[in-house]
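Below are two complexes that have chain A in common, paired first with chain B and then with chain C.
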Partner chain A sequence: MKVLTHNMMACTKKQCMGKGFPLAVECSNFETLNQEFNVEFTKNIYPKLDWKGIMEMAQKFNIPISADVTTHSLKDEKFLKSLHHLLCNFKVITGSLQCPNCQRVYPIDKGIPNMLLREDEIYQDIRE
Partner chain B sequence: MSRPEHIAPPEIFYDDTEAKKYSSNSRIIEIQSKMAERAFELLAIPQESEGLLFLDIGCGSGISGDVLTDSGHQWIGCDISSSMLDVAVDREVEGDVMLRDIGQGFPFRPGTFDGAISISAIQWLCNAEKSHHNPRKRLHVFFQSLFNVLARGAKAILQFYPENAAQIEMITASALRCGFSGGLLIDFPNSTKAKKYFLVLFTGNNSVMPAAKGINGEIEMDEEEDSNEVKFTNRKRDRRRVGKSRGSALKKTKEWIMNKKDRQRKQGKEVKNDSKFSGRKRGPKF
Partner chain C sequence: MSNSNNNDIDLNNNSNNNNNSNNSDNSNKVENKLSKNELKKLQKQQYKEQKKAEKKAEKKANKEPKEQPPVVTEQNIDFAEPKTDREAYHIEVKHVREIYDRIALHFDSTRYKAWPIVENFLNSRKCGSIGCDVGCGNGKYLGVNPNVHLIGSDICNNFATICNEKHYEALVADGLFLPYKSDQFDFAISIAVIHHFSTFERRVEALREIIRVLKKDGTLLITSWAMTQKWKGKSYENQDVMVPWLFQNQFNMSNKTDEEEEQQQQQQQQEQQQQEQEEKDNKVEKSGSQYELYHRYYHLFEDGEFERMVDQIPECILEENNLDHDNYYCFIKKK
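Let's look at the complex of A and B:
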């Protein structure tokens, strides 16, 4: 699971709607990749990012990104490069994710997070 | 046509042996990537735009994701079969994959994706695999969640194999009820083998349905077939005329009438005597 995916993820249990992110990452093993820097992608994804999640992951992997959003500039290539590096080049192989709201733990194995819900956790309260 | 949906639930059907086919069988890979290419074409992403984020629903071994990677985009995939995802990891696909039942919705924040594709996945939602499964509800959760995770103005192209008209109706109605606009697009509608169903969904209202492939082409082919048929019947007729001696005689000729009378006499039916007038050629009429 890349940092990019982690940043987009949220717990979808009914009681966590709008509150189930960022998921807390427990990382026991990770891998670094070597993806090419893509300016367009980084610019496109920037407005969609959740900064709380980014800061948590940046601290974990020691990437120097300023927490102060007002200092960020999409023209600053150094900033874009380190952001892209964080998003695309760190992959959690084993560990777990925990929802900050309901404390549900989702295991990560071989780099694949297991997001399957149990029968009693499924949001099925809908009108037909 | 065999339907894997009738054999076992997806997480069991796509076991290690079945999943292996999706990395080794070149025919499966070719079909999957062709459909993925077509789905990507239907998304109508402008050529100059690069670096968008897509969702691959039922990504499996990531064959469809490779098409997105080749076009310079990032993707995240969901699948319910862990064996298929293991194959994806072994193939070192560029995108990221996760284990998730699409009937439970998508575990993403709203407005995340610039588009979604799905190759041969959503027909699985029409089957109830567990006692608590209700296909209508699962489809509803699926489309509602898909609508949420897509950015406004994004498109979703879902290729699927409907079992019957009722399934098409159920899937399309569910999608439209969740706020999508769009509809069903059928490529090569006149061919049984090449026919492909694509559900084209827009989150905005101002999009135009793309044109289906193979509609004009098929008509041309039909005409060809017709001309073939005409030629064929002509040939048959010619052969009959030439080869009078072998096979049965041409209808309404004297020979044919005599044969018939003989046959009926042998069957013990009442038959008029033969005379010089039997089966005689009649003169021109007014």
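Let's look at the complex of A and C:
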């Protein structure tokens, strides 16, 4: 799970709709990748990002990105490079994701988050 | 060729069956006893090499199949129509999810050609677009356009594993419960997936769930098998059918072990052994190679069916619905 993927994710429970993100990441093992910097890609991705999630991950992986959105400039290549590096080059291999609303924990194993609900969780949701 | 995702049996017949001489001894039980790291690494390596060789051989085999596997055909469903959503869920677990988890590696070896309609759609996305592939299978569309961020999800763990090994972004999720925020994807694809849901309501819910995660004006390309099979030159009598998959034992996922997986594997193997016991009746042997016959549940779409589904969802509009090689493909836009 790359940081950019995490930024799109939310809890799968219907009761958490609109409240189940950003998922809190616990990371015991990660990989760094070497995806080449792409200016246009990063500029186009920027407006779609959830900034709260980005800041949590920037802190976790020690990437210098200012939390103050007003200081960000899409003309600032250094900023774009840092952002791209964070989004595309850090991959959580082992750990977990926790919903900030219902506290449900989803495991991440071998780089793959398992977001499946158990049968009893699904049918509780539907009855409600 | 664009028939790669709808022509299971033909591809199956064409694929190479002669290459399993060196792993016919690697049955689960033997491997279980000899669970030493070195052996496993060796097996893993052997397996990778073998898989490469098979892909090559498969192309040749299109011209001269040396050993034809037994002939298998579609069957009618052997279970009652689900009365509740939970019954439908159970049907899909048993007749779709568990089957794909079992045949995932074999499936992967037959699915490498992208369907041009999907390929063109992906390649025409703007650089920096974000998309999701719902029911991504072996991930054959995840790497088509490197300038977009495409996240694959599948309910089958083994498919997610295969995608991850190809260095694609993949996660395990139920199509009815996508693990994404609402209104954010620029585009989505769901290729030959929705026909695996076993009631109209669940198919509508699956569609509604993809529409939920799309942003306004985002486009979904969704496809399903059609009841009319003019291109293949055959016809189905019922909309709900069991489509066979002739599994070659050389593609057993349990050959792919590593240390971390050991515990999980052992558990799985216990379950598998139970399952195998039950499935012994299904085993077909021919000329020294061993096959297992599986059936997957399909609901074949008829004319107007996608329209009826879209009618249930006021948030979206059906922009195009066409047939290509016995598949319906629809472009659906979120309003």
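Operating definition for what follows: the second predicted complex is superposed on the first by the 122 of 128 C-alpha atoms of A that agree within 3 Å, B and C clash if a C-alpha of one lies under 4 Å from a C-alpha of the other, contacts with A are read in each partner's own complex, and residues count from 1 in each chain.
Here is the rule we go by: a residue touches a chain if its C-beta (ideal position, glycine included) is under 8 Å from a C-beta of that chain, and two chains touch if they have at least 3 such contacts.
Treat the numbers as computed from the prediction; the structure is a model and nothing was measured.
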{"item": "Overlay on chain A: chain C relative to chain B, clash or fit", "value": "clash"}
{"item": "Partner chain in contact with A:Ile54 - chain B first, chain C second, else both or neither", "value": "neither"}
{"item": "Which superposed partner A:Leu80 touches (first chain B, second chain C, both, neither)", "value": "neither"}
{"item": "First (chain B), second (chain C), both or neither touched by A:Pro113", "value": "both"}
{"item": "Which superposed partner A:Cys27 touches (first chain B, second chain C, both, neither)", "value": "neither"}
{"item": "Set of chain A residues, in rising order, touched by both chain B and chain C", "value": "1-2, 4-5, 8-12, 21, 38, 40-45, 48, 50, 110-117, 119, 122-123, 126"}
{"item": "Chain B-touching residues of chain A, taken from the complex the two chains share", "value": "1-2, 4-5, 8-12, 21, 35, 38-45, 48, 50, 88, 91, 110-117, 119, 122-124, 126, 128"}
{"item": "Residues of chain C touching chain A in the complex", "value": "85-86, 89, 126-130, 132, 147, 149, 151, 153, 155, 157, 160-161, 164, 169-174, 177-182, 184-186, 260"}
{"item": "Contact set on chain B toward chain A in their complex", "value": "49-53, 72-74, 76, 78, 80, 82, 85-86, 89, 94, 96-101, 104-109, 111-112, 114, 130, 132, 134, 136-137, 140-141, 144-145, 151"}
{"item": "List of chain A residues in touch with chain C within their complex", "value": "1-2, 4-5, 8-14, 17-18, 21, 38, 40-45, 48, 50, 106, 110-117, 119, 122-123, 126"}
